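Each of the next two complexes has subunit A plus one more chain, namely subunit B in the first and subunit C in the second.
== the complex of A and B ==
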């Protein structure tokens, strides 16, 4: 996916001896010194270096002291009293990002020279910086701030006028640039050019007047542009969607996945007081590396949509009225009890989690209902992260035996009209009217039950409407199009009385069949793992933050982890 | 006593009746050495260049034979490129311009020989855009050489093909830095590359092995082929062989360009015998011996120089400024460098604060802006110096200037960091009293010419 992966050695087993701050260690040959330091539990600060982008060495923050083994006349290493090779230290510091380790190399990450180098770079970066941290969105996650604490001086010796540069530059549809904050690390330029193949960003002018800009007449609008906001180590590039909305240190971070398509990028949900403020990619080499698309990232505003369903609704005399959960579940269970299994049909959703689909499957099994379909959603695939499969958990549904061609439900309209189907359960918020069952047919149903997060044409016709929780509001698991099983974790509570689907289905099942042995999502997962062969042996904890690669048929995955 | 020059590269420069067309060049023996070289074979030429101990004339003084030996034409599968660096931009340097303007075919012949020696099929002449006339002259010279069969397909029926293209810069000092030049040639901003891994000999132009040589260096190759490496090495001094083009500017009676065997002259002989002494009967104050980036040398200074005596033993010798030999090793031992051969002479009327402010203004304007210490530090130096020159200096400024310069040199991607820091470090170290005095009399009017340079 990435042209570069500097954090991975060419051969992790080809090791050399390196001395890091006096300690001899074995490290993969050629791995760069920033990564070697990281693996040695040391830290070499850096701005421009990013493991997934080309190495340019322009920030000079990763300067370190380098040594090579002293050699005798016959080129054998000179050994010290401790039997270890003696090191000849070079007077000139080297950049860690562009230096691969070789046999016998010495590395000093915190010598007086190294400290002075970092101190110097910090001072240089700040002299023309506006120091507008109080109103900067990056504050709190800014590398200039962080490294100032570690390597800065606190006071400035700079008494000259600062260089003035463009501010509030409208770089693209979703991005604003403040050139005075920019430290010219070129991460954004490289991401756009190397990862997105979109040569739109670059520098103009020279020296201290160097300025980041978009090519004349071009906009920085590619489908992944917001990744540069994450990559930007300072507050130069900000997201129009997020800027000035929330101080980042107030954000609670919750590990989750994006459910905008079948790729399921690993994400971090940033929320505060029941509101999701942003979604950012969470590094996961098996899925999305460090990136996600702008669409998925910004697809959070439906959470506060005016169409959100907040309370259960029950239809009486042709109109929907708010009701209690107890009434709603009772009404639904009572309704279902009236029909023969073959008179009941279910349109479920590939947006539901494995746990929700599993509880549904149990319910249907107990009721003897076999008419189940899952609505297919197709999206525009690109050659990067976006999948053409719009269902984030289509594969999970498949593994749970709920898959279908996604089309058979369209013929149910006729069967409803003929009276063969008398009850229809629409779960996971699908709009079956838009998907092909005429509203006129739905109106003939004896029971139309709808669960979902947003109201739609179908919900408005339902006899029972059950408000449910969205991705950020629930815990569960999904399987992406490449067969990777991943977890999502609840970041905020669902609005109003809305509940997670697995709870709704559990209660419905209890009301219908009396069966209930599932008290938590983990309980449900345990039951799944015991029942579904592909999930066998996987505990909730084992899925971990990065997920697990399943051995699925037609797997497109390049991943090597199999039930790791 | 005027000294006689030893004109090798400048042999035909300013000779009455000598014109820059190919007919005149050939009448004076031009392209005969090419024939000789083609008959010798590439390996033999490389061998002679190695024997000659020729050191690069662009500024760093790196041995040309060694630079060439990094590439083995027999083993290289990628194309090998040669680039002639004609971006002559170092303030105080104006030697390559003379060659280009007055004897372009000497350069063309030197380039063809060097290309042939290294298995180069395609070469570039990177010329600074300010050399508008020079560019036209070189294009014409190449056309003439092509028409005469010295360039193009099957040169002189030897089966050797070579094409040389002229590429014009766009007005940036940094394009003279070889990896910046390569980037510029590739059509990008002239951001110097990090080394490692981008050593031109390995990953140069279009990521192919590339040799970048200065105009004067390439001209010398012609003479080495002509006289043989050993004979060439007899000119000058050991490890400092051949002749050197010296560009003298500043407060001397006869500024200009001169050619002498490397190290034959002392600084005093150059100033007094060759250039007629200091102007207006003034006293010598300081000399920048190798282009504006070289560290300044102060009149009256005494340097400890290691020298090989007649008995072959090394001994420390105390040498005064005017007795310094103008060669690579001596000037390095004196803490400066022979650099590009641009000797800038300053007399006792010069205000060192303003001189340094002027130099720093140049470097602040020319920093490419790629890496942090240079981008931010050099403009800072300029601002501090401008402030001192304008009468708003602070007591701590000299110390601050030194600290800022110390944090640039040795920490940047390319040698520009040193080029900008060395003048500051040396001026402050050697003329600190002048800076302090200037700061002490703050508020008094400073000279207007410097102020205008700074804004």
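== the complex of A and C ==
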């Protein structure tokens, strides 16, 4: 997934002695100085360097002072009064990103020379910068802004005219470029070329006139283009979807996962006052590295869709009316009580979390219902992150024993018509009309229960409609197509009276069977871990922010995660 | 047709719409063969070849070269815009470069430039890049050091070098163009 991984040493056990700001440490041989500083709890500022892209060394921000061990005539190291090797410091700074550590190397990250260098680099970078932070979307998460405060000077000495460059360049369907803000770090160019193999971006002209552009007539439109907005250390590349919408410092950040396909990229949800403003990838080498696709990233607008279900709906005299949760649950439980287990069928969703599916499984076990299916969704897989499996938790459903071939339910239409199935529970918002059960059949049901986020053809026919919560609105866990168990955390409240599915199912179960020992998602998880062998030994905390690989979770490579 | 990169072959005002002859294809193949390790290195000689053949490097040239070397167009365009010798539009039949690096600037390059502007019927005053006369006969631009500081100011007209070009000599130069 990454042609480069500069933050990972070739051999983590092949260590050399390095002195970082006067302290001797053991670091992997060849690891670059930016990463060595990071591991030493120091920081070397940088713009162009990114651990997942090639090193070009063009921003010069990571300059540091380097030294090599002094040696005697017989090549033995000169030892100082403290018994440690003495270091001969080079008179000129080096760039940290392109310098690998060797035995006895000295590194100074905060000497007067280094500070002076950074100050000089900052001054050069700001010469042609428009200083339009008040209207710039990057403000608040801008490296130019941050380093200017940390390493720059308060005022500019530049009295000449700034070079004018194109602003508001429509680079692609989802990206706008401001060339005056660009510091020519080339991260976007390298991402497109090295990760996406889609070279359309490049620098034209020369010197202070250098300009980032797409080749005339070509669009920067690849399926992962928005990653360059994250990579851009300044406000040059902005997302059309997010620009001018929200100041980033107002955003509450919540760790979650993307549920747009079976890959389940780790994400950070940026929300404010009950509204999700953006989704950004969260680094997770085991799943998505530092990237995510544009489709998944922008798939947040359904949260404010006009089709969202806000209140429970109950059908009376052929029409749906808003009702209370108590009435809705009561009506559903009462209805279910009238039928034999074999007269009840359930279409669940691969978009439900493990916890929700588990509570459902308990309920069905207690009722004796065996007719369960999960609708299959297929997507267009690419050779990168997008999975061909459209269900984010298809594997979870499989592990919990709820999955079947995903087509079985299509024959239920006929059984409904024959009166063999009298109650249908559609849980998780699937539109079974679109999936293959004719509306005319659904109309013959004695009870059609629907829970979901958005209204659809099926919900409109339901006797009881229970509004539920979307990904950003709930806490739970899912298992991706590669068997990685990951957590999602609630960022915002569900709209109106909508509730998380596990709560809906818990209440329904309580009303149907009286059984309830589950008071929190963590409780549900405990029960899952105790019951499902694949999840044995795992606790909510052990899943961690990066998840756990189920098949190989006892192997060495995952050891740190499981032990944590 | 003369071989590529030979001095004195520069043709400033060709039409990029000209035919890509088998001879041109052969020259390109020969140039690419000079870089067995990385064909990408042949991009500079090919750019020179195209410009000498057609006078300038437009999208057609960029795309032809990119295809020849299996490069992306943007990678070729970056070079075309980086080097001031390469041009993306036709210049005049006689293209003048006036050196403006310090010794020539002190030696009166500004006066020479202004005189040439007037002689060629170009708009006086500051400019960015090359200026082309309305009849397409002349074009003029400043250049950096032409490596003859002792005989400043110096002027390059197409591939011919002229030293100590004052206003009088400039008049003779322009008058001699035919």
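Basically, the second predicted complex is superposed on the first by the 551 of 564 C-alpha atoms of A that agree within 3 Å, B and C clash if a C-alpha of one lies under 4 Å from a C-alpha of the other, contacts with A are read in each partner's own complex, and residues count from 1 in each chain.
Quick note on the criterion: a residue touches a chain if its C-beta (ideal position, glycine included) is under 8 Å from a C-beta of that chain, and two chains touch if they have at least 3 such contacts.
For clarity, every value in this text was computed on a predicted model and none was experimentally measured.
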Quick one: classify A:127 as touching subunit B (first), subunit C (second), both or neither. first
Is A:512 in contact with subunit B, with subunit C, with both, or with neither (first, second, both, neither)? neither
Could you let me know whether more residues of subunit A are touched by subunit B or by subunit C? B
So, A:183: does it touch subunit B (first), subunit C (second), both, or neither? first
Just to be sure I read the superposition right, which of the two partners does A:215 touch: subunit B = first, subunit C = second, or both, or neither? second
Return first, second, both or neither, reflecting whether A:201 touches subunit B, subunit C, both chains, or no partner chain. second
Following superposition on chain A, which residues of subunit A contact subunit B and also contact subunit C? 202-203, 205-206
Any idea which subunit C residues touch subunit A in the complex? 59, 72-75, 77-78, 81-84
Can you tell me which positions in subunit A touch subunit B when the two form their complex? 55-61, 63, 91-93, 95, 98-99, 116-117, 120-121, 123-125, 127-128, 157-161, 163, 183-184, 202-203, 205-210
Can you check the complex and tell me which residues of subunit A touch subunit C? 199-206, 213-218
Which stretch or stretches of subunit B touch subunit A in the complex? 172, 189, 191, 194, 196-197, 364-373, 375-380, 383-384, 387, 394, 396, 400, 407, 410-413
